[in-house]
């Protein structure tokens, strides 16, 4: 006997197809929620901040007058911060990734390091702030300097860079490694000449994304005690400084309503910096996408 | 058929030239991946300036054996071996035998073409460079000679600075062979070098192998029995990690002494 | 026109160096204005001013981390003792008057005036739920929503001292170091009440309604004359003597600050001291040189 | 005629000793890799040391079972952390309610329905959303979402748990969507084809095959996102208020653990005061919460990993 | 050899039973992947209750053709087709022909076993369930019948609740066949169903195919020519997207009419 009757199948088919298309639109709508949220957020900020955006806004120091308030100190401060964070975190991150992917034996220490890195990625940034405050600001007496904040941020984004670099290294086809070893190359030669060049786009993309996270983080800076009323540019890594998110936070918490618009303009600058960094990442990714 | 003629010629040549030396002597080699006993008591003697084919069904240990010959298999962390492999008389498992040195003498070509994501020139120059040859003129010479040796010079000589991935798969595979030739190895190991190639590229590589054996000893793994029959002098038939039969290629294909070899060759399994 | 007086004594020669201060966020608007103007006069002096609140500022001052510390109340005995222990000598400079303003939302159409007793009844934690009708039966039977500056602030200390008299603040209050938080919270809620520095009220006159205390509304006259009592108070900065003598930049900045404090205070919504008081401050400063 | 390549190689190998480099490099890299471990140790030790000092002043049980958080009180400061935990959980709950259905639906759409082109546009959008600094989200919550909520529900106060909850939810949508999508995409295409070849609709494939197969990854993504919501700081600092409350009200001002740390840090509580130590105790509690979630996520994705 | 006997028997049967109907008629089918013209003017007629084998070198379009028969090929976004395929007389490319319905009638077995990551029972019950069969007793019956039909009931009847990935590859493949049988299809498409299996599992699947053709029409892609010779009634030889020859299997293997077919069968290329 037959269990599946073609007629019944055909009859049910309609309902199944309708369910299929209804759910398709539900899922699509959910996806678009994210898109819509982003558009509203950007529109809102641009419409609020546009009036304030000008060359002077970029070249003025902060001011008690909203119309004179500028973002120079914060912008330069954030760049200084990157000058510390980028080399520190990339050297540490890529080094760790090379160790874990190429050298580490499958033993308990390695498992522990891996587990530790994935857990570290989940530690809230405000807790990194407490670490920075205790170790860098106080114990190492760096004060609320660029160096102290930079080290804190470097540790904060370290796990992201390690994981991205690990993935980039892992995605280098094993055949390339084999080919190099097969020619009598040593491990380090293979890493430097074959694996790293092939992995560099991935590493850079991941690192830039991590750095853009560091540029936007506020909580650790607050905990470290980064000030905002600053009328000068730092001259070295031991100087005090302020950073974009701190400045935005300060403006957004000022009583005069006009400062809300200044804050929005500050956000636009911050977002522009992020957009710039992300486009570089995207360009790198697309440029080197399909090579093997 | 021409292939048969060739093989006959070879056999005659072999008989004449019985003074040929062994490059590899494998004695009671065993290999385990963890608990998986992948190679069992392998005894094989591989001769200079011959093409030795290794055939057998999937998973029988062909690639494993090949990779043991240049100790690439040790890149798998769980691998354990026993027995010995003498390369030119010296046990490659000796404690003080440097793998890098061994691999400099023994080139390898892989199943999938795997050029480096660099220019064609840099691919060929890679080997000489890592071994300390920096002189641009010497490198140029080596590159040309190797590409000629791999019968691809004419096709790429005007595009040496292009990325090696911009050429066809068959050309890539010959680039890989040229890359192996660049350090003038003694032996070339090939693991199914044509299995990812189209028929025409396959033919070219097969012709090249015939050419190369004048200067090199070649060990080639293949799943294509006709290929083994066409190009090799000797054939080893592997099954479940064991060498079932090892003999002159035409003996293996026309008159195998083991029932399993016959079954395999006639397509009864695999 | 706040810079005119400044340029007379300070900033004639190019001074270089760094000066750091911290402390009251009530004083911050004055200090911030001064720092901003001063940067135009002495671009090579780097002044940083934090706003950790009066108490927080003193902590850093005691640690020797800062050259001066702004305060919206006089230094406490414990703080003075700690400074002595740390071997830090200091000088107190008065900068301006502040009227601590009690404000409600403009949507609140019942409260115009409160007595000190009312304030106490409202703000002291006594375990009950506070309703507006508790103060005046005609007022709505709605829960009162409280906003207050953080406890590290001098403003809080001052309110604490004169209104709460060391009782606890209602525990349902939203405490924030962030004055905008307070402004936003109060303006949006008809049942809200809060207090902070007079300058913040001035900056948000459009959205907030100030409550008169015992019939007196805070404004320049009532604050300067002391009529607005007990919620008017002087604002200070405390400078380290060592910094003033050893650090030319600190001395120069402080001189500039005192010379311009009155004008700046008026500009940002506080009340200037009588000129004699600034002259006295300057004399004190001169003595330290 | 030049010497053979092998001769040249032999000569140059004789000169240089690669072996030293090969020995030093792994050690160096191991030290670098240890930095992350040192960081973890640094975090744990820092938090524990200061927390222990805190417990010499505030009894442990008062801290973890206390329902009143009144650190700034003159008379008797109370440090019962439950109100802060409740505040944190309120925001997290709302965020989860917002983010889980949307995030998972988006993941299904991306992995099962979207064409390659659509995916190529939408995924970067999600990434942008994930890359927006939290201070921006906080500003958005306070100046946009809260007023809208208030105009619909007048009983909502300017500071409340709902607005930051929703915005934290929006913030973690990309995380859930992208990690769940990874989990679903890693279900082999062949399995999906098997189902389609039997006449399944796409929805049936998604709901009966892909989602169950990727369930461990999906759950892990949710757990990780919740952990992120717990640790989120700036959005709640700006938009949730600072009233530690042990009750079930979502419409009024609350305080989370993270917001408390920021509040005190901004006020810069003097070194050595109980309040100063309390931020470490709160930080440690927060750390434990997120750590448990992270370990749980790791456990879920490992333990319940589907075989295929 | 037994296979030859079987084939002879089939041929006779065929001649007798010339009233057999076509399940599929392919007329002038062309298919492009983007610019890649993968199928060229295919004309094929596939008969009821026969095993039709499709052979040809790698990349010649075997899988593509098979996947066109149940329109699975449309999952590749860039695909374009022209021409028609009539299934039971109706053009499957018709605008209102629902793919879901087509695929319910036409089962498919893939190269790599691809059971769902569910229990063995749920794998088999999946199809009936989506078609609305909820009754536990009926499902039990279907599961047993299908597993018996796929000759694997005895091996798994005690582990129906275990994950389908806990059994061997050969068993998994038969589970996939059982899964296809569970919705009682009309045609079963098989794409190299034994290429990932060991010799013994291969044998079992081959026997099963012979068994199934009593009730189903089977189209099987294979790279193993001996397999095609052993189990199929008709064979189509594809090359570069074209059908070079389509005929009775023994004609193709003993007396091919095209030189290229002969070359391929004798292992001259591929």
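The chains carry the letters A, B, C, D and E, assigned in the order they are written, with residues numbered from 1 in each.
Definition applied: a contact is a pair of C-beta atoms (placed from the backbone, for glycine too) under 8 Å apart; a residue touches a chain by one contact, two chains touch by 3 or more.
Small disclaimer: the values here were computed from a predicted structure and weren't measured.
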Of D-E and B-D, whichever chain pair has more C-beta contact pairs: D-E
Chain whose mean Cα position lies farthest from subunit E: C
Averaged-CA centre spacing for the pair subunit C and subunit A, given as whole angstrom: 39
CA centroid of subunit C to CA centroid of subunit E, Å: 85
Where subunit E touches two or more other chains at once, by residue number: 100-101, 104, 127, 130-131, 183
Per-residue multi-chain contacts in subunit D, two or more chains: 18, 142, 201, 204, 266, 268, 271
Interface hub residues of subunit A, defined as touching at least two other chains: 16-17, 186, 189, 225, 252-253
Chains touching one another, given as label pairs in label order: A-B, A-C, A-D, A-E, B-D, B-E, C-D, D-E
Complex contacts: residues of subunit B adjacent to subunit D: 100-101, 104-105, 128, 131-133, 138, 141-142, 182-185
Touching residues (chain side subunit E, partner subunit D) in the complex: 70, 72, 75, 77, 99-104, 107-108, 110, 112, 114-118, 126-127, 130-131, 163, 165-166, 176, 179-180, 183
Of subunit E, residues touching subunit B in the complex: 57, 59, 199, 202, 224-226, 267-270
Subunit E contact footprint on subunit A (complex, rising order): 2-4, 6, 8-10, 12-13, 16-17
Subunit C partner contacts - residues on subunit D that touch it in the complex: 68, 70, 72-75, 142, 150, 157-159, 241-243, 245, 252-253, 263, 266-271, 273
